[in-house]
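In order of appearance the chains are A, B, C and D, and numbering begins at 1 in each one.
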């Protein structure tokens, strides 16, 4: 490039930086760019990174290769190149089959299950990349409901009557799945939720609330970690082991009182670095959503019980607040939550224990 | 990224490199990536670079900005993301209009001219990028002919009879235009020619020869530069100034004898750095094509006369030789040319002058 | 068909009718149906009828063949099988070229003229049939304007500024062309206007008026026919022959007074059978439109002067009145017109002449 | 129409015929044509006829209505308006679901079964009509095999390995289903088979044989009808009632000897009117196919046993013979069969019985 040479004569410092960049950019990146020129090359590189990540633990010296691939893929899978597509019963079976295979939150039990999730009172959207034409990158499932859903099982029921979407006032995001392991760390989820919320708002003027119905996947693990030296907590955990304990009314009532408070505390206070411990909370709060409501027995599936002790939570996406909430979170790690959360959390076993400890100290 | 941290513990040197890369990558690249996420962002960035390049002469300190943009655009407009599309009379007028506007080799004189270039014995192909859906990146025009075309005017004639493409044995690439000034330096031409040659070869089994009919845009300028101290050359140049001199048989014959030899010499010998002085020659020889044949009065248009003294040249693309020729050119700057070229060049005024000079020395 | 046989046993009269139908249906219809099964067959049949109609005058015995073809084509080109498509600058050039060729009301003067008619403040729609995929059946051109257009030349001007369609309150249908001579008598125009009006009304909420700007193609011919024995009329007609007479203010003013009255009379009173003499009036009034306003010097083109003495007329399509107006017209041949028309017509030379004659009688 | 009036003056007889046609064409046809102009009208009319046919037995006086509808639908669903589409795993689920629902020959057992039928060594094609865009009219399933398939169960096996279609030499049409009950009597099957055979022949140059693997659905019913007064036949029929009798080698061998002969006789000799008694035979022989080979235990499913005593038959479609065979069948009801058929038939129980009877007479 003669331009660089010309420029050098006038302002060598600029050019030195450009040269430094070129020098430290590993030839691997150029190699990957050339691999990408072949037909199907992009898919091969995504798959290559997927395998790389799998073997990462044993081969830490692959860090550099991974960094290069991640850098390139992050640049190529820029939001500007992704295409939002609605997924419905008109979508090619080839693509639908992949949703069944990829769904990571509430497993799809075959074609009739998928079909119910694509009917008039449900919506499904995915991002696609032009170089991977039949391969969803990420997809989201939405239920159009009257009132904010508190429990996921009714949403997943195959025989539930199909409601008129025009009468819905809530859009409930009940599942969001990243499909490409090879794109780990390249994030699209927030953009997908926002765009889908905007599109639905335009299509259905009566929609007032956009909210998730989300698991709290780290809750029970945290409970277990906290139980050491806290006999009340240990007893609570022991009871959670009993099969279908929640069917005993009296037991369930007492459990509810305790677990809801503990979960509120869990979502607000324990941290990983400066951010919430719960990964799903990190994601939605980072997007600017608001912690809205805890739902007792929101997910009574085996996995819902094992991870979240059956609780689910609604994060509300108010489009007009997202920017402000996101800023508050990004700068000060401030969590925007409904008033109830604070009250519940203050009154939890752990919080009280800590207050007592503080008082004793 | 926890991965980098983990890896660091095991192999700090790798991680240092990754960190260095990140440190020297200017924040501008990240800024451009974010601009790209907006709707229409890619088009805006391509346009931004177009303007940048225009003001480059006055503002050499923009070299760094340009380098960043060029780097990103080069990565994003990777061949793997481009889509080859045939352009014909079924193409939206919106796109066809741009061809008329962009064509840089043999100007398209309105819709009837374009229409003739899209009939059964002509082909046109373009690369498109999914983020610029109605914007050709580069396009090529092909004539399917019997025998290798020596003159371009018959190909461009509006009223020429349309030949049966199935009877053609030659595909003549008579025009190739880069449409996006903002993508200067990001090269696709060689890939376009190769893919079009392959596709045409599959469609028309009788095609034996794939060749260009190309201008020699630097020829007359070089002649002028050489004329100093060479009275014979100066006289030749003076004659070229006479209007329609080539219509006088006797004059034309003498001129042909001289100019053909000089042009052969021009294409083989004078250099810019290690490469041929002529930019079109650099392009095709760099692609692995072979200098095949000079065509006297191949382009008698005003521009053809002014730049190339009316001469045109065929570069032949033999798919099976491209790789080898390209290697020879890339490593040793070896130019593959037909035998005739050497003979003509050796016998040219300039060559003889040089031999004489050498003999005297 | 065993069903017919079965039915016969129970109700012979029904079956006799079915048999009679079969017997009188000429084998030609079956032949045409078989021709249609071949690839491109539908196009061949439409072309066949076009040629048939051309030779009809000399070959009246073709009436039966024509009746069969017309019957089949009418059944096949049923509105249920037609597809409405917007025509714009994204439409394939192949189709656009046909519009240039077919336009029958205000000739399209090449591609720049067409381009102006497809910009943001213009709309164009066509019906297509799936068996003739790139062949418009009928198309309509619309201008989105502020206020009801009175003159067509400003609408056709190539360099007129493009208005913002969102600010328009009128949709002016200024041209409608049946493209397929072979489908003569198979009518789609009314359906096209209604559907386009509905679609535009949904897209642009501010549109209040849907109206044509139409020629009065039989006006001047009728004037000539009436001039015999009416010296005032004869003189008027003579003046119309003077080149660009309308540029003389005084002359034009007097002419206007007379011609507008005569034209109002022409549109309301003279008949062909029970319907208006003017063919364009028959079409729009039959569709349920209303005679709204006469426009002096609405079309000063050569053809506009020759046929309509420069006058144009607006027919208004009020969607909510179409049905009622159509019924009144179909049953009682009642013409729905604005009050002004009656007044003007009553005061015209001819009307006065007739009153005088009536008074004398 | 003034044309008819004009023509009448010159040739009244022609016009009388046209008038007679119009007079006997029931106003119902015009009514149906108007219904068709509404959105979705065509689908409504097809459904209307489906219902009509269901109630036909009780309401024979509907014969006229049905005849009118059948006439119009036959005209509208002319082959020239149908579009052949390949059905594969890229087809919208909405359409695939209908194949599962409609398949009438070898029931599709859910999505995994359908998926196997759409893999690389299988093909599926359907005719669609533009006015019923997601509604298959008729579809055919093809297996690409080495050698002519004799048994259908291996073709339907979910876990069978997928063969390389490029190595196939036979295309076996193993299922063809008319989807629209409302189009009964409007026949497309022969056109579908021929076009699919032609298309496959172009795509896979090694294909030598195009053949069906068909049931013989009337065979066992005919056996039962013949058993009266034929004790040997009655005994054979009784044995067929034993569950899974064919698993006893000795029994099966004897049964095979008898049944194959009887079936050959059945396909060649008994008639309904002038045509073969077996409906599937009528269809394929009418198309110009040739009776090629009987396959013992070709279909051991419950339904295959019940209808066809487990036998299947190959009809071969040789494109170059279809026309001639069809003519021979249409004019003289001549059945084209391989030599083996005649030999087997002559030697069957029934044939021998008839010969004996003839001898006694």
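Definition applied: a residue touches a chain if its C-beta (ideal position, glycine included) is under 8 Å from a C-beta of that chain, and two chains touch if they have at least 3 such contacts.
All figures in this text were calculated on a predicted structure; none of them were measured in a lab.
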Graph separation of chain A and chain C (steps between touching chains): 2
Furthest chain, CA centroid comparison against chain A: C
Whole-Å separation of chain centres (CA-atom averages), chain A against chain B: 48
Distance from chain D to chain B - Cα centre to Cα centre, in angstrom: 60
Rounded Å distance between chain A and chain D, as computed from the means of their C-alpha atoms: 53
Residues of chain D engaged with two or more neighbouring chains: none
Chains grouped in pairs wherever the two touch, ordered by label: A-B, A-D, B-C, C-D
Chain C partner contacts - residues on chain B that touch it in the complex: 89-94, 96-97, 110-111, 115, 134
Chain B contact footprint on chain A (complex, rising order): 1, 3-4, 6-11, 14-15, 17-18, 20-21, 24-26, 33, 36-39, 41-42, 56, 60-61, 63-64, 66-67, 71-72, 75-76, 78-81, 83, 130-131, 185, 191
